[in-house]
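Next come two complexes, and both contain chain A; in the first it sits with chain B, in the second with chain C.
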Partner chain A sequence: MAPVSSGLQNMSGSDLSRKRARPDPSSRPTTGASLTERDKILELIRSRANRGIWSADIKRETNIPQTIVQKQIKMLLSNKLIKEVTDIRHKSRKVYMAAEFEPSDEISGGTWFSGGSLNKEVINDVRKRCKQQIMMLKAATSDMIYKGMKKSDPNITYTMQQIGDILQSLVIDKEVEEIKSTGKGDFANVPAGKVCYRTVQSSSRTQVGALASIPCGVCPRLRDCTPDGEISPRNCEYYKQWLGAEYF
Partner chain B sequence: MKFLEYTPLDSLNLFLDHLNLGDCTIKGRLDAFSCKQTGTDRKLSISLEHEILDYLGKSSDSDPASPVDHLACRTSRKTLIYLVLTLGHLYPDYDFSAVKAHLFFKEEDWDGFKQIFDMYLSDASREWVASIGGSSLLESMTTAIDEVIKIKECDIYSYNPDSDSDPVLEKGALWSFNFFFYNRKLKRVVSFSCFCTSNLGGDGFLPNTASDEDDDVLVDMDM
Partner chain C sequence: MVGVYGKRLAKEIISTHFGDLVAKVCNCLLQNGTLSLHEIVRYTDMPGSHVKNCLLILIQHNCVQAFCTPRKGSTDKTVTLYMAIFDNIINRMRFSKFLSLIKGGELAPKESQTKEGQCKYALLKGILQNGRLTFEQLVERSISKEQQMDQVQEKHQSELRACFNELVRSHYVERCPRPEPFIYTEPEDQPKHTKRRGAKTAVQPLSLEQQAIEAATLAESERFSEIPESSVERAGDGIVNHSPATGDKRKHETLETDLDLLVAIAENEVLWRANFEKLLYCLRTKICAENVRSRLGDDAGVVLEAIMEADTEQKIKATIVIATFDGILNNLAGSMTLDRVRTILDELNCKSATDKLEAIYSLDLNATLEACKNDEIEAVVKARYGDQGYKIFRLLSTKDQLIETDRIAEITFMEKKEAHQMLYKLWRDEFIDIKKVPSQGSGESASISLWRLHRKPFYQTLLDDIFHAALNLTVKISQLVEKQHEILEDDMKNLLKRKFILQLSLLKLDDALMLFHDF
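Take a look at the complex of A and B:
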């Protein structure tokens, strides 16, 4: 150990030994230069809190070369001071976050994502519950559906917004119908004019119009068809198919 | 995978590093690697092997003639792992999954490579002859690569990733390609990666290549 310099005479012997003796538990015996670099990197990662930081940005902002950054990150990881996280907006990027933070919704994707990919189980579960509510209530607003879900399972933690998202996805998948209430019949519990959800009714499915259900209605050769022409009802292939071979 | 220094590749890399062709810029690089693994490589190759075996285990119940069948062979797995490790060295800021990467690698032959070369690098070739002279870009490249790795003994692979796994896509590349020459006997890989960005258009047309941190500049401002 180096001799005590005169500048330190004011301190008691025990203070000095405390200051000198205790090693930094998070470092391995190493040169002063790489300690500073590791601190720089760790500080930068910590400053990004729950947003995390991409390895390329670490290099750019600290100006530390790739091999050293790689080595220091490896050490920080093994000392569990930082962790790897996935940013779902840039899935294959190497993104790091200080151990004490949890990824923000922005980079984790929020409730519907887990480990960087869509959590299908969770989503299907919520969809099922929404449909259950809608079947029970016949026609309901998202508010009513949400309240109903919470009643049957107080443990759910979804927000109204999230339930709204799921209902929209059900509408797009045509499993549920979004419609304005008439205030009557099935809609008795919903004020007239308010948007609500109900199960898909077979009557609301598009029905084929009369003209489209005969071959002429959808024929691409309609304009060229004449009674005596090359294309005529007499030799029409589509009618042959539609009426069956026995009629031709 | 250890980087190998080869001076014949250096002059090509110098030429291809930032080749301004007026309305676009080409960035290409040739890298040589030995399949000798570093400590980090070893760890990664073990986890890659696990990833592949897990995947094989799951897909053994699916259709009999699946494209993953050849991965049941250890040599194929080793090749895939070397290629993925090489990708990791070329693009150290990205993670590559073996299972995904395996779908993006395609076996090629020399003619396939030449076709891609002629398609994308004809302007670059003209530049090469004009500024450096001597043999054509393709000939110079072939000679240099051959010196490192004996092309005739090589398996050639191209890497064509989807948007999630493409590090070059973020740079707003107009086109890109990646070729790998693998000589099993010599235990060496030479990679040739190339992409092209436009010199035209303002920043508004390119995806945000800087970190999203730039958004935070506004956070503390009184707006």
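Take a look at the complex of A and C:
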């Protein structure tokens, strides 16, 4: 086999000038390879559907250097092919999702969250509706409340589970009490023994505890306080403020 | 089990009422338990006569009970031991509350005060102030206060006896317990009786102190045995025995003499004291009725009071109250229809039964007492930790189970980080417990935090805090009393106003103390 060099030696001068220059190995192709990397990243993001993917996970799974990943993500964002969403479980992470998907409840936090924060307006609105149903029915099960809400507004999309959570929060705030029905009086519409809800009398919500109404009840140093010690009721600043007696 | 601050509060109360020497002896018993006179002298380093006098004062005021036991190593010699009665010492803070229970008394609104009510009030006040008195002493006290003329004293004494017997009948007042009952203790070298095989329940033996209290307590019939009328008074009332025969007349005279002797003993020798168990039961009724009133309405509060007053046992620690329907209706005095009463009884979750054709209702007070305690605790949590802490605490309190951090954040509509921070604060201050479980399915050594409210240990911690706060208020009141002698008259009004605030706060805090300690 003739050596390569002899092939070159056999070429004429004009042949040599027309020879294509060997490409510089340090320069990379700007168009074809970028498209491949971008596609790779986009495919990976799409594959995560409504769960999205963290930027660090993109780098790890594609083996593309961080700077390239950042650059490609920026381009995809500007082309509106992907979007950035907040993961309610890890708020500091940048999570990306294909534009055609909506974040799952796990990521967004569910119905009660919007933009990564609690949507207090929505929550308060649902609480108000639940309370209205309970006041109308005097005593009602969660089922009755849900059906009542659906009847008054067929467009609501909340589930029984979500209404249950709202009722729990009303019980915790003492606006409503969870009680077993006796089947009589206010509970006439609820079978005896079934768990139901009714509004709480306003006076029971305004109880002021005995311990909470004196300085000792809320004092952070109560455990260090002794009658003869450095911290004692005799020289207590909180008592002075409470009694309004600076000179005692 | 009384904590450090409970004992300190007791010492402070004795010191305020009887002075430092008596407080020293009392404190010695509180700290070291049951002791003999010789041991008290050794511990307090006081002369024997002073210790004796202090013990007499404490016994007079029902703060100490004496009892005899066989001396160690001897079969025929006995030793007298003394034990402090912590609950009776704390009851000294409540005298004004006890007096307010007398209907128509001086603490009732002016328009509802009655002569009988004022008489009973004065009698109970005398007994509370002096610890224990005979009826004769009560009469002398009343006469000296009102400066009665001799000729009306007898009528006055008769009226007093009627009021006094009413107090005994209502169990507000009782005959004093035995002064020095004998308690037999098994010698230490004797082998203890082993439990029979197959015994299913292990009965806890009573401690020496419990045995002493039991031995000192009179039987119910004797404890509340009224003062009978003398034969003269019975004759004056028209109760005359018609006895024509000579033999019968002699028998009648003998009976009259016996009766007069009984009356003399009952009036001059029998010591009477306030029955704290009944008085505390009445206070418990008031507090439970107030709670029910706030949750279920006025009528429910009235019916609850009627049930509790109709209970024949009226034990302070009993959580099941049993009353006949007729008894309940009697106490309601026709203020409600039968249907309304029955509806409320259902609302209160009363269980009904029939006993000898009589309808009986039983009420479990646990739910009401827990609701009262929860109100107290939740107020503290809200004041210390704000709305977020309050919501988390309410959730753990109502659920009474282990709950994960995420789920807590969900139900309370809180950000997870905020929920975790608040849970940590509540845990650090011993309001709630934490349990960490390894997280499954994770390669790292992660764990899940589960949270729970453990009521019993938490109640004990809170009770210590309540005792501590009550001690602080007492110390502060004493400080203002000391200042009363130093300040000018211009400042006196302000000082008295502040003292009044402290005293009212202490009375209110005492309600919480009763909830967590006495009820």
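We take it that the second predicted complex is superposed on the first by the 170 of 248 C-alpha atoms of A that agree within 3 Å, B and C clash if a C-alpha of one lies under 4 Å from a C-alpha of the other, contacts with A are read in each partner's own complex, and residues count from 1 in each chain.
As a working rule, a contact is a pair of C-beta atoms (placed from the backbone, for glycine too) under 8 Å apart; a residue touches a chain by one contact, two chains touch by 3 or more.
None of these values were measured; they are calculated from a predicted model.
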Which superposed partner A:R234 touches (first chain B, second chain C, both, neither): second
Which of chain B and chain C A:L222 touches, first, second, both or neither: second
Which of chain B and chain C A:S169 touches, first, second, both or neither: second
First, second, both or neither for A:L211, with chain B first and chain C second: second
Between chain B and chain C, more extensive residue contact with chain A: C
Touched partner set for A:T182, first chain B, second chain C, both or neither: second
Partner chain in contact with A:T36 - chain B first, chain C second, else both or neither: neither
Partner chain in contact with A:V200 - chain B first, chain C second, else both or neither: second
Chain B versus chain C as contact partner of A:L118, first or second or both or neither: second
Sites on chain A touched by chain C in the complex: 88-89, 112, 117-118, 123, 165, 168-169, 171-174, 177-178, 180, 182, 184-185, 200-201, 203-204, 207-214, 216-218, 222, 225, 227, 232-234, 236, 239, 243-245, 247-248
Residues of chain C that touch chain A when the two form their complex: 8, 12, 294-297, 343, 346-347, 349, 375-380, 382-384, 391, 394-395, 398, 410-416, 462, 465-466, 468-469, 471-473, 475-476, 479-480, 483, 491, 494-495, 498, 501-502, 505, 508-512
Complex contact set, residues of chain B against chain A: 40, 92-96, 164-165, 167, 170, 211-213
Contact footprint of chain B on chain A as seen in their complex: 48, 51, 53-57, 59-60, 66, 70, 74, 90-94
